[in-house]
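Here's the structure, in C-alpha cells; my notes come after.
Per-chain numbering from 1; labels A, B, C and D assigned in written order.
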Amino acid sequence: MQIGMVGLGRMGGAMARRLIKAGHDCVVYDHDPQARAALAGEAAAVASLAALAQKLSAPRAVWLMLPAGAITEQAVDDLAALLSPGDIIVDGGNAFYKDDIARAEKLAAQNIAYVDCGVSGGVWGLTRGYCLMIGGPKQAVDHLDPIFAALAPGRGDIAPTPGRQGDPRAERGYIHAGPTGAGHFVKMVHNGIEYGLMQAYAEGFDILRHRNAPALPEAERFDLNLADIAEVWRRGSVVSSWLLDLCALALAGDGALEKFTGAVADSGEGRWTVEAAIEEAVPANVIAAALFTRFRSRDAHSFAEKLLSAMRFGFGGHIEPREAR
Amino acid sequence: MQIGMVGLGRMGGAMARRLIKAGHDCVVYDHDPQARAALAGEAAAVASLAALAQKLSAPRAVWLMLPAGAITEQAVDDLAALLSPGDIIVDGGNAFYKDDIARAEKLAAQNIAYVDCGVSGGVWGLTRGYCLMIGGPKQAVDHLDPIFAALAPGRGDIAPTPGRQGDPRAERGYIHAGPTGAGHFVKMVHNGIEYGLMQAYAEGFDILRHRNAPALPEAERFDLNLADIAEVWRRGSVVSSWLLDLCALALAGDGALEKFTGAVADSGEGRWTVEAAIEEAVPANVIAAALFTRFRSRDAHSFAEKLLSAMRFGFGGHIEPREAR
Amino acid sequence: MQIGMVGLGRMGGAMARRLIKAGHDCVVYDHDPQARAALAGEAAAVASLAALAQKLSAPRAVWLMLPAGAITEQAVDDLAALLSPGDIIVDGGNAFYKDDIARAEKLAAQNIAYVDCGVSGGVWGLTRGYCLMIGGPKQAVDHLDPIFAALAPGRGDIAPTPGRQGDPRAERGYIHAGPTGAGHFVKMVHNGIEYGLMQAYAEGFDILRHRNAPALPEAERFDLNLADIAEVWRRGSVVSSWLLDLCALALAGDGALEKFTGAVADSGEGRWTVEAAIEEAVPANVIAAALFTRFRSRDAHSFAEKLLSAMRFGFGGHIEPREAR
Amino acid sequence: MQIGMVGLGRMGGAMARRLIKAGHDCVVYDHDPQARAALAGEAAAVASLAALAQKLSAPRAVWLMLPAGAITEQAVDDLAALLSPGDIIVDGGNAFYKDDIARAEKLAAQNIAYVDCGVSGGVWGLTRGYCLMIGGPKQAVDHLDPIFAALAPGRGDIAPTPGRQGDPRAERGYIHAGPTGAGHFVKMVHNGIEYGLMQAYAEGFDILRHRNAPALPEAERFDLNLADIAEVWRRGSVVSSWLLDLCALALAGDGALEKFTGAVADSGEGRWTVEAAIEEAVPANVIAAALFTRFRSRDAHSFAEKLLSAMRFGFGGHIEPREAR
C-alpha cells in the first residue's frame, strides 16, 4: 500500500527501504536533499511536505520518523494543515505519551487519525525487522496493518510462547497496545528496561575488569579476558541477550573501550519512565540508578561530591587525595 | 572418558545424563537412594563416596554438584581422604571463590588438583547445554576437556563474534577463565548481572501493570496486556533475551502471577558480587538495588520503615494510613 | 500588623497563635467551625472567606495554610474574587512550585500579589518558631516582614555562620529565596533532603537491630539497645540532628516501634524533588531510594517481586520458601 | 587516673589534651618526634612503646589512636609483648569489629583486657567532647570510667530524652554498647549513617545549584543562594543538624566549593556497614548509594560508562557528544 515517510535518517531511511522491499509504495521526504537523494532510486522522493501530501492518494497515511520534541511537533502541525479528514498520521519517533494524547485530540477535531508507534530495532532493523508497539484508534491501526506487518520481523525462527492468548500480531513482532499514547508508553518502558539491562551488564563487566586491582590480595586477583567471558555467556547462559551480543562485539574489538570517553547521553525515555514510576508510586530503583549513572557520566565532577569533601574537611580536617585512579 | 558425579539433584542429574548421552562413562552418587535409582539404568550408581572412588580408574576425576557451603565443604574433605595424588576434584556448584582458593591450597598439599567450574543453564541445560566458566590449573582443565565440551552447548547456530581473538573454547560455550577461583568468580558476577537484568524487567513490567491505577488521569490510564508486550519484545527489540522469554512464558500462563507470594530468595552470588564491587571500589548501584529488593521482599515490613513513620509522627504528628493497596 | 489566616489545622492554628503572641492582629477562618472556635478567644474568627475579606483593611494580606492541591487551588480562586488590587495572598502550604508560577501570573492580571512560602517546623513550630523560605515579588515580601519575623525562630542561641554574606534575614530564620516559586522550590528540596536523612537513620538503626540475627556467627551477634545508641549519638557525634532527637524519643518509648505498621506515606515533595533532579540531569540516588522505600512500604508485595520469582522458577525450577521472617 | 596515649595525630593529640585538662595523668607516645614534642609541656612524652609501658603503673591502660588496619594491628602486637596480665588496651581508632573479636581473643590468652571504643567528634572534639561507643568486658570498661567520662561531652545543655531507661552514661555522651566488637560495630553503623546523611545534603544542594540550568524554562529557573539557604535551614527546620552547620560554613566561604576537586575518599566504615547489611539481609539502598558515589567520584570515567556507550553505538549507531558540561 501507499505511505509517506517523513524523516530519512538512520531509522527512517532504513524503514522506507524495508517497506519498499516488501512491495509497498513509499513517498519519501526529508529536509536534507542528500537524504532524499539517497532514496530517490527506490522511492518517489519529494522536496516538501506539500508535495508529499499531493502525491499521496486519500485516505493518506504519513509516517513521521523525526527527532522527538519540537521537530516532530512542528511536522505534525504542518501536516495537519495539508491533510484532509480521514487521513492518518503515524509518529514512529520516541514521543512522550502525554504529547501523543494532546496531539490526537487536536487532530481529532479535523477528523485526522493519529497513531503513536514505538519502534525498536535500531540500526539492525532493516534486516532483522522492527519491533512495533502501537497506540491509537483501532480503525486506523487496522488500516495500516500491511505496513506494520512489513516493518515487523515476522515469526522468523522464534517459537511463540506456549499458552499465550491475546493479540496474535505479537508473534509477528507488532501489537496494538491500546488507545492513543499506549504505543509510546510501552516503548518508553521498553527503553527504561533497556537502561537497567545495560547498566547491569556495565557494572558486571566493570567488576570483572577491576579484579586485577593492585589493592587486592594477590591470590584473589584475576586478569580476566572480558571478550572471552562475553562470548561464552552468549551460549547457554541465563544472561544471554541481544545486548550481550553487542557487548561481545564491542569487547572483541577493543577490550579497553578506549575510543569511548565514558560520557553517556540519555534520550527522554529513561527520564519519563522514572517519572511514570513516580506517578504510579512504583519503586524503580534499578531504572533510576541507571539513569543517574548517565547523568553523572557527563560531569567531570558533581557539586554534590565537592560538598561531601567540604563536610569531611569540616568535621575531620580531611584533605582529599589528588585523584588517584 | 570416565567421571564421577556427586550430587544428582536438578542440576547434577541432568548433567550426568548429558554426559552419558555424549558417550562418557559416569559413576554417580547421591546421598538420596531415590536420586541414585533414577540414574541407575544409565550410569553406574554407587552408594557411597568410597565406592565411587573405588569404581573410578586413576587418575580419577570427581565432579561435585552439591549445595554450596558446608555440604560441598564436607564432600571435598571426605573425597580428599579417599583420592590419590594426580586425581582431580571439580566443584560445579556456586562456591564462593575465596573458598576455592583455600580448598585448592589444602588439596595441593596432597597433590590433588582442584578445578572450580561455574555452571549456568538451569533446568534447560540438559537440552541447551551448560555455559561453563572454569578456573584452576591448566593441566587438569585440559585433561577434562572432553567433559567440558560435552556439557557445553557447542557452536549451535549462534554465530561467533567477529574479530574476537582469545580462548577458542568460548565459541563452544566454555572457557578457562584463569587460576583457581576465577571460574566461580566469573560465574558469581554472571549471577550478579542476572540479578540486575531480572530487576530491570521486573520494574518495567511493574510500571506497565500499574498504568491502570485509579489515581492517574483517565486519558493516561492504559489497561495493558503484559503477556502480549513480553511476546512482542521477543521479536526484533533491543531488550530481547532469554530472561525475557521466561517472562513471556510466566505472563502467558497467569498475567497476575498470583501463585507467587512475592518473597524472593537470594543465593550467595548476589551478595558476593556486591562485596567484590566494594573490595574493588567499583560502583554497583543496580546490582546492589536488585539484591536489596530481594531482602526487602522477605519481610512483611522493615524496621526501617517503622522508624520512618515514628519520625514523621515526631515532627509532624503524621498518622500513617492503614495500608491502602 | 493585621493578617488573615485561612486553615487552622495542626500547622495553621499554631502559626496563628504564634502571630497573636507576637502582637499581630489575626483574622482567622477554617471551614470547620470547631477549628474556628478553638481560636475564637484569641483572634477574630470568621465564618467565611467573604467575611474574612471584609474584616481585613486594605492592603489585605491573607495567609493560606491548607492541604496542597485542589483545596488550596480553590481557596486561591475564591479569594481572588473577593480581594482587590494591592492585596496579597501567601500560600504557606506545600504547593508545587510550578503551580505557584501559574497562580502568580493569573493573580497578577488582577494586580494581586502572590507570595509562596515554604514552612518547616512541624508540630514544634509554635514554640521553636518556623523556618521560612519565601518566593515572590520583593515589595510584597518586604511588606510582610513583621509577619515573617514573628513566625521565624529568630536568632536564639544558634551562632550565625561566620563569613556568610547575603540575606541577613537567614540568621533570624527566614529568607527571600527568589522570585515566584523559589520559596516552595527550596522547601521542596528541603523535604527531599529530609527523605534522604530519614532513610539514612532508618537503615542504620535497622542494621543495628538485626545484629542479633540467628544466622550470624555467635561472637558477631550483639543485642544492641537502640534507645541508648540514639541517646549517645545526640551528644558530640557527627550524626547529631533534630531528626536524631526524634529517633531517640521514639525508641525510648517503644524500642520495637510496634505501634507503627511500617507503611509510610509520601507527600508530594519527595516525588517533585526527584522530578526536579531529572529535569536538571542531577543524580539523586539517595533521595530517589528514600522515595522508593516509601512506595514499597505501602504494598504487601510488589508485582516486580512476583515476576522475579516467576523468572527464578523459569530458569532454575526454584520454589520460593514461604515467607520466613 | 593514669593512661597511656599512643598516636598523637589530629584525634589522639586533642584527646590527650582533653584528658589532661580534666586532670588525668597522660603518658603519650607517637612515632613522630614532632607530635610528641607538641605535647611534651603538658604530658609525659616518651620515645617508645617500651618506655610507655615502663612509665605506667599496673594495672596499665593504653589507648591506641592510630590509623585502622596494619598500623594498629602492629601496635597491639608490640604492646602485648610489653604489658602484663591485668593491663588494658583500648583501641579508639576505626577498627573493623571482626578484627576486635580476633584481637580480644588473642589478648585474653595473656589475660590482657581489650576494649574497642568508637570515637566520634572529629576536630571539634577537644572543645565539644567526644561521643564514645564502647565494647568489651564490663570490668575493664568500668575501670576506665573516669577516662570515658572526661572524653565525653557530658550532659551540657542537651536535655535527656524523656522516658528512656537504659545506660545512664548515654546522657553524658558514652555507652557500653556490648561485648567485644560492639563498640566499633555501633561506630561503624554511625559512620554508615553519616555517609547517607552527607549524601542527602549533597544531592539536595546539587539540585538547588542546578536550578539555574539554561535548559530549564525561564520562569522555572532560580539563581539560588546556597549559603543563605543552608543558614536558614539551621533555624527551626526539620533538616537542621551538625552536618548542616558544616555545609553552611563551607558554602559561606566559597559558594562554588572550587577548592575541592570532587574526589571523595572513603574510609572502611561505609564499606563495612554495607557488608554488615548484606550479612543481615537488611536493605541499605541509601547507605550503599552514598558509598558508590564516593567510589565513582574518584574515577575520571568508569569502565561501566564506556560499555554503555559501546552498547548504544552497537544498537543505535549513537555517537556520544563530547563532554558537554
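Note that in this section a residue touches a chain if its C-beta (ideal position, glycine included) is under 8 Å from a C-beta of that chain, and two chains touch if they have at least 3 such contacts.
Here the structure is a predicted model, which is why all the values come from computation and not from measurement.
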Chain labels contacting chain A and also chain D: B, C
Topological distance between chain A and chain C, in contact steps: 1
Winner on C-beta contact pairs when A-B is weighed against B-D: A-B
Far-end chain from chain A, centres as C-alpha averages: D
Geometric centre distance via CA averages, chain B-chain A, whole Å: 31
Centre distance in Å when chain B and chain C are each reduced to the mean of their C-alpha atoms: 46
Between chain B and chain D, centroid-to-centroid distance (C-alpha), Å: 38
Per-residue multi-chain contacts in chain B, two or more chains: 122, 199, 201, 203, 206, 210, 238, 242-243, 249, 251, 281-285, 289, 292-293, 296, 298, 302, 304, 315
Contacting residues of chain D [partner chain B, same complex]: 238, 266, 271, 274-275, 278, 281-285, 288-289, 291-293, 295-296, 298, 302, 304, 315
Chain D-facing residues of chain A, complex: 10, 122-124, 198-199, 201-203, 205-206, 209-210, 242-243, 246-247, 249-251, 257, 260-265, 285, 289, 293-294, 296-318, 320-325
List of chain D residues in touch with chain C within their complex: 97-98, 101, 120-122, 125, 128-133, 152-153, 156, 158, 160-167, 169-175, 177-182, 185-186, 189-197, 199-201, 203-204, 206-208, 210-211, 213, 215-216, 219-220, 222-225, 227-245, 248-249, 251-253, 273, 276-277, 279-287, 289-290, 292-293
